[in-house]
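Both complexes shown next keep subunit A, but they swap its partner, so subunit B is in the first and subunit C is in the second.
So, the complex of A and B:
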């Protein structure tokens, strides 16, 4: 859309398909390059979010800077929506129940680390929780259980398509919510939430919260590494036969069946894989927050938030949804703390602002934040190319300006009859 | 033994009998045309054989084994492929990716847990895709988005997808519907070439009599769900029942 407003250079450099130089594009498809670039971005990310925005905040007098912990939170949701997008963006399946896997992993990782005594109702026996606080084992345990749960839920939901699929997934998520807040309270702490989370040392060496030079904290390093792993795996999946099949399923399911592929099992795999990503996110979430409540763990609004983040960021690319997670978490955690002159503290109005941002982005940039950024980069590259071209060929540039000006004048004359 | 045999194949849709005790037998290597007025049950018959619909009665045997009630992907894996009447392609993917999708099904079976293996490690998939695109003369457009192809090319891509599944038996549902005379000519050439080069058995649903007489070895005529004639083009042409169904009935 923004391309329409491009100045006169359109004829020379404005072609969309010349976009980024071929070399950059080839790099973007290279796995190693993706990993390295992402690692650099992850190192810079906290500085940009905390220090960079902090400076802006100091300059304008509003508290809009990120805080320690926000980068981790963004990456946690980033992992979830990267996986969610494999399901929504590629395979074209809209699930409204992924909180089920997020919450299951969060609770199970928390329970694994707990040392509390739990009384099993009915039997009356008292059981001590294992108290395994290793972050790696917590992540594995949570992700594993979430993946195992995604299997039956996917198996039952995928037999229906469209709205029925969405509602079935929603129902399963809500079942878990009501279990966690009611009858499962002996295990989950019910409405009080679950806070018996004892995150131990990473590999028996480093305390989770201790600072790490350059990176920030051990926690951020751990979450960052898992984000990198998740991104690499997702990138690999997209470049495997599954990537092609998921995309094909999103476009023409019947044709996939008629080239001899088992549509049901591939859709189930998309569901399970995305459930595993949501599980990893959930396990990391509970390590980060040391607390989980049925409303954040299982409630359907959490599932809806995954959908919003994914669409906000853009479903057309692998990392797009991460930008959605960033904007979402930024608005909900930072903007909500801003106090405006007339309105007063934004507080719980943040959902209103998020909604407005969502509407604007979906209207103006249907391909999401990532699509808009990609367009902007393309536009800048084109503009720079034009300037370079103009500097190298001043005569042609002057001729072009003259010609354009003459054409503009002609069209004005034609429209307004050219009085005077 | 015949490659494809149906025995008393019947499909009823709540009172309407769309296919009525059809005994069809297609020999290996032949090109068979199925014709009949609109609503004769041609498409339903194909859908029964390819597994999209389940028959109410009767059996389907392919290459000696019973395939009645199998899912479409299982039947495709056995060697029965279908090109759809409308171009059923993946419009948002490139022409090459379209062909690779089809080759994946033939090379990896109906399901495989290879989601962590890079696609470019599968040379055979690429080779089949290239071969099929070459067969339908779309190799030059391999990197174009499939949805942007002209209609005739989309239909040829559709045929390439059906071929990349490496079938023994290929169903073609009105392969020339909506094509210009030139595109039709190309497609008919293609069908003839496929049969010669790949030794395919082809079952063709078509309305254009000129095409049918050119490519078909045998013709089966359906009317109101039942076979009313079956024979060489000459035999069928002279059959009074067929003339009745066509001239006396619908076409005037």
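So, the complex of A and C:
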């Protein structure tokens, strides 16, 4: 009922009110505006997460504030899930093996920066690692190798779809995990993990951990810039004709094929792009943590975490998954340290909370947190508009209420008989 | 002699591992084949079976977890293995019925990806609940000493191998018996016929006037009971901890599924034993490469024979 009326009401309210959202929407489609807005958000983000929540924490007595380093971690995972979403959210391919690219990049970037001696088994030769600690080169090297790896893995996995694709990607990821922890131990450090990471100065002048006014640290600025770059690239892809085909693949693969496009090639490209994003994230991860273990690098749980973050955040939009990454890292790093009055310390229960949140999201809000928020905002905007309209046209509003009530009574009578 | 000894031992150990894989694979494959439902929580059923089995068989001392914190440190019924063999499948069956009704059914008509995601979340929840309640410790295997008065513990002398744990031989016999029974149930009974027909074309079965939804629940519960039974078999000779549900059950089950062919019971049995013997052989030959070869075999089959060894067509495409 109200749906029929509302467009009229909206038009009556006046064009001034409509014009503003239109302008906002036009701005949102403008790339430069998106980048500037994101940059501002990135500048404010650490203050909100650490100082803002810290104040709330002081007020309520629970330690729910963020800590230094958490914003960087969120952005690193944010980069990965933006890329992962290009695959899952747009082309509809569910990969359970993206840790392969994350881990490859983390290890290769770490190895590039190391100066350790490595003995190659079989030949027995001892090789010194290059010891190139430039963050930019480390990121390039890691991302490059991950991209190179994504090509053959994608080439083989894309041939199958659905669960077969998921299992194939999983098997490749797991093979790398068992290689890294077992036979490849001479290179990766095996179960001890790899800690020979020497991150050098950025552009030869700024130490990675040194503070930077306003921004926090050089590291955060570096990661933030790369996050902006990743977001911009993804935004361009999604809004390009090429990205439109990714979207079309997710909607109906058969039709894309009928149009005469090479489905395999587009899927493979989506896979490689998402692999590159995961690689960039992996290289940054090793710079941030200075340590990587086969379990954090390659294990399928890591791949599963990417899936959880992406779906939690929302697969329908570009930035949605970033909110998933934020929530995931926040729960796993901050909420896990909170002690509740009755339950006691949350500790390892955080995965239970996360699993429950995940199931609820999949079940009730298939579009994720971001989708749910967008729906809520739209609902509120509609409600406010309706109230404004009702206040300006009280007579029509009363008539509408009467009509609705009459319709409701009629439907009740039709269902339970008109006797009463 | 040494080579023959190794080969026989590999075969015996491979049969045990293969039996577990096969039991898991059968459950997963009939659920996928009949309902086109992908259950990533299948490993959680194995986990439930394993823990339930352990507590039915013996008393266990807890040191961490919610129960231990609230003062309950000794749990377990100590009923013995024979009782567990009856009770664990019943537990699995009931859990399966509940899961089918409350989790699977709402998702039958939703996209495959969402089925994977929701059951993935469920697997996480089950694992974390178990970890929270009884702690994340690794428990020692609960091998029985005697079943119904027959002594099954201790070593036994075999012709070529020499001394071998007697229980493990019984285990192979029991597992093969259950697998054979399931095979007959699917291949030789009316119920099995409906299930098989449902795998081919569930709509047609419904048109023939058969209440396939009831069969759906039964198939799901049967698959769950088999997974739980696999858990019981597993806990009787392997250690158990919350993470094995995914590591040692879910992932192998999926590998069995793709190797054997989705929807094929025979495929799951053969696939289970092929992978079981592969992984045990590789553990002996080059233990570091065992898992890598396991995954490589699965990937190779998937790439060369996408329908699996015994599947007729790809399910879930």
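In this section, the second predicted complex is superposed on the first by the 356 of 420 C-alpha atoms of A that agree within 3 Å, B and C clash if a C-alpha of one lies under 4 Å from a C-alpha of the other, contacts with A are read in each partner's own complex, and residues count from 1 in each chain.
The rule is simple: contacts are C-beta pairs under 8 Å (C-beta built on N, C-alpha and C of every residue); 3 or more make two chains touch, one makes a residue touch a chain.
If you're wondering where the values come from, they're calculated on a predicted model, not measured in any experiment.
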Next on the checklist: Applying the document's definition of touch, where does A:191 land relative to subunit B and subunit C: first, second, both, or neither?
Outcome noted: neither
Checklist outcome for this item: subunit A contact check, subunit B vs subunit C, more residues touched by chain C
Checklist entry - Which holds for A:207: it touches subunit B only (first), subunit C only (second), both, or neither? => result neither
Next on the checklist: So in the superposed three-chain picture, is A:396 touching just subunit B, just subunit C, both, or none of them (first/second/both/neither)?
Outcome noted: neither
Item to check | Which superposed partner A:237 touches (first subunit B, second subunit C, both, neither) | outcome: first
Next on the checklist: Contacts for A:58 in the overlay, against subunit B (first) and subunit C (second): which applies, first, second, both or neither?
Outcome noted: neither
Checklist entry - Any idea which subunit A residues touch subunit B in the complex? => result 31, 233, 236-237, 239-245, 247-248, 251-252, 254-263, 265-266, 269, 273
Checklist entry - Across the complex, what residues on subunit C touch subunit A? => result 32, 38, 69, 106, 112-114, 116-118, 120-122, 124-125, 127-129, 131-132, 136, 251, 254-255, 257-258, 262, 288-289, 291-292, 295-296, 298-299, 302-303, 306, 314, 316-317
Checklist entry - Touching subunit A in the complex: which residues of subunit B? => result 50, 71-73, 76-77, 81-82, 84, 88-93, 97, 100-102, 104-106, 108-120, 122, 125, 161-162, 164-165
Checklist entry - In their shared complex, at which residues does subunit A touch subunit C? => result 88, 92, 94, 156, 159-164, 166-168, 170-172, 174-175, 178-179, 182-183, 300, 304, 307-308, 311, 344, 348-349, 351-352, 354-356, 358-359, 362-363, 366
